[in-house]
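Structure record follows, encoded as structure tokens.
First chain written, first letter: the chains are A, B, C and D, and each begins at residue 1.
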């Protein structure tokens, strides 16, 4: 099995983005699955183009994207992406769409098709705060959450995709009042457990599938 | 120089208290100062008796007490202790005083006499979220914050004391919604930086004092 | 024009639900539109059956449902309903579905088709805190938000529907720590402004439509 | 009985301060006590000078000061004022003291001597969210909370004083994200109930006092 894990580049004047930093800390193999890591730009459209190219090149079974949701205290696994760009701030190339669909011919939303509850449970069992989130917002994170599901539905059938939001790192919070944070090593460990849950789920599905013959 | 660092025992049905666990992780020597570690009971009165005995035995220059303020996202250095016990829950021996003075002959409050701003800055410079707090509450943490200052004023003149509140550990938050946490290793590292700031301040004071002769 | 406004009955041991109480405070006519008020049960399925019957009986142009989101500080206009029942607590008849679709043949989500931004602006212009929300949760409020859109798509084409979440009332917060609230009169006034924005939008659409001939 | 109630003037670029606005809404008589209202400047020192003059002129039995604590969801009755000015922003005349005592010869803190628990209970019984607060911060509100107690201890023995913090008004929150607010009329009503509790307490004390003769 192959899993493509993407992380955003630094954004909004910050010199570092824990999203891509935590992805870099992942091992190259998790439970016999190959982990392919990709940095994507915090830009509407281009982020999806880069992921589309990576899917074409690597043919992964699962695409898992990682972004930061500063202010959330735990690792959150997103349930759904919605077909809208509604940006309160510009992206890294100055785009700031307002209430525009991501894909004009797409449905209003897609649920992700990775095992969100099992991923959360696996992290919590291992002492890492995690929960299901019902909104990825309406900025680039949702753009990628929805957009990759659109790609897997329309262009790459059979592939799975989903999105995980991570908290601020502690060093980002030394000058922010009352903002929760999580150690980068723990974030990376959490992502590893979440990916283990995806792999175990895929394996179970295949075994169950095989058993019906 | 000798520094007595106290941490509370487990409390409220929890099997572990990060306060004493983080104290245990401290090195035995910080910047040539000897660190003496003491676990104290989460009990009104007895907590102070135990500290009083430890002061008598070890004759420390500084007494720094550590407690947990679950819900706070960063390490907070307390500015002041107030002369009141007003407990919304019982302590570990079932005491639940309401609006009673800690020491009937004590003033309404004592500012701590450790360098709270320098301690916060030292932690932040090293990437650890920290801030000054203006209330230690009215439960056992404040009881010890005020009570030790009372002891240093009335029985052990010349000694310094203060109080640091630490956040939940991540493992305490896997079943709490939206509660911030901090890695235990980072908490211990933060305490070490805070203690360094205390030691540097004491040393500066002595050098300055010497220079006036 | 006719607008059906629904509010939930008391729930979770509470003797009062500000949702239906604020609906009761609405005038019977807003900007020449007739306001029809309906109390609906906090029960999966039955809530939608009751609304379906009210639509059949009154033939409203717009269906606006009101529910409580305790903890939110402002009036929130929901953007989207998702096709899932995932209840952390039982409804008023003890149902507690977990990750089940609301309608097995429905899409993953529907955006509401009322002017959410204009509704928020109208409330804010009039001094009432309001914002767009991107999640109505996965309990009865989302159940109705999604379900009524499903009904309008499949059974009542041309009709509009949407959902507004309101905060706790102050009297609900006298024994809750740190929970924001909003005066019931102000909540009702906010709903009235939101409904005005819906009516003005419908009227504009019709005038614009006519102007193209 | 006479009660002097003070409220701060507008501050920090705002054109209105709910503190003085809520004070203006108070009746001139509460339970046979005369209510004297005074607007005070949001300025270190001058605020206390103005109150000192008002005490000299009106000879009130109780001085109750009202300030805003934006972000708190309920009306909070302060327990204690501390002898420090430590301002993160300048006052209305540009003063921004850092870690300076308010009165060099004052103790570290004073508990207020009004019945804080009874005041909170009276508000809650009447449906208004309220709680005791253990910190008035280290800016002008604490300056007045501490400073007036200093005046009553040193210059006007026998007089009572205290401080109440009020939330944002709704109109202040239409452009602030996720900030709780309270209707100005409800704030004023809350202050009235709090003042009733003070008067009832004073009366009870006098009756009890008389009964001992």
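Keep this in mind: contacts are C-beta pairs under 8 Å (C-beta built on N, C-alpha and C of every residue); 3 or more make two chains touch, one makes a residue touch a chain.
What you are looking at is a predicted structure, and each value in this text was computed from that prediction instead of being measured.
Trainee: Which number of steps is the smallest that gets you from subunit B over to subunit C via touching chains?
Mentor: So the least number of steps between the two chains is 2.
Trainee: Starting from the Cα centroid of subunit A, hunt down the chain whose centroid lies farthest away.
Mentor: D
Trainee: So how far apart, in whole Å, are subunit C and subunit D when each is placed at the average of its C-alpha atoms?
Mentor: Roughly 40 Å separates the two chain centres.
Trainee: I'd like to verify one number: the distance from the centre of subunit B to the centre of subunit D, where each centre is the average of its C-alpha atoms, in whole angstrom.
Mentor: Whole-Å distance between the two chain centres: 31.
Trainee: How many angstrom lie between the CA centroids of subunit A and subunit D, rounded to a whole number?
Mentor: Distance between chain centres, rounded to whole Å: 49 Å.
Trainee: Which positions in subunit B touch two or more other chains at once?
Mentor: Residues of subunit B touching two or more partner chains: there are none.
Trainee: State which pairs of chains touch, listing all of them.
Mentor: So the chains that touch one another pair up as A-B, A-C, B-D, C-D.
Trainee: Which subunit D residues qualify as touching subunit B in the complex?
Mentor: Touching subunit B from subunit D are residues 79-80, 82-84, 99, 107-111, 117, 134-135, 137-138.
Trainee: Give the list of subunit A residues in touch with subunit B in this complex.
Mentor: Subunit A residues touching subunit B: 73-74, 123-124, 127-131, 170-171, 173-183, 185-186.
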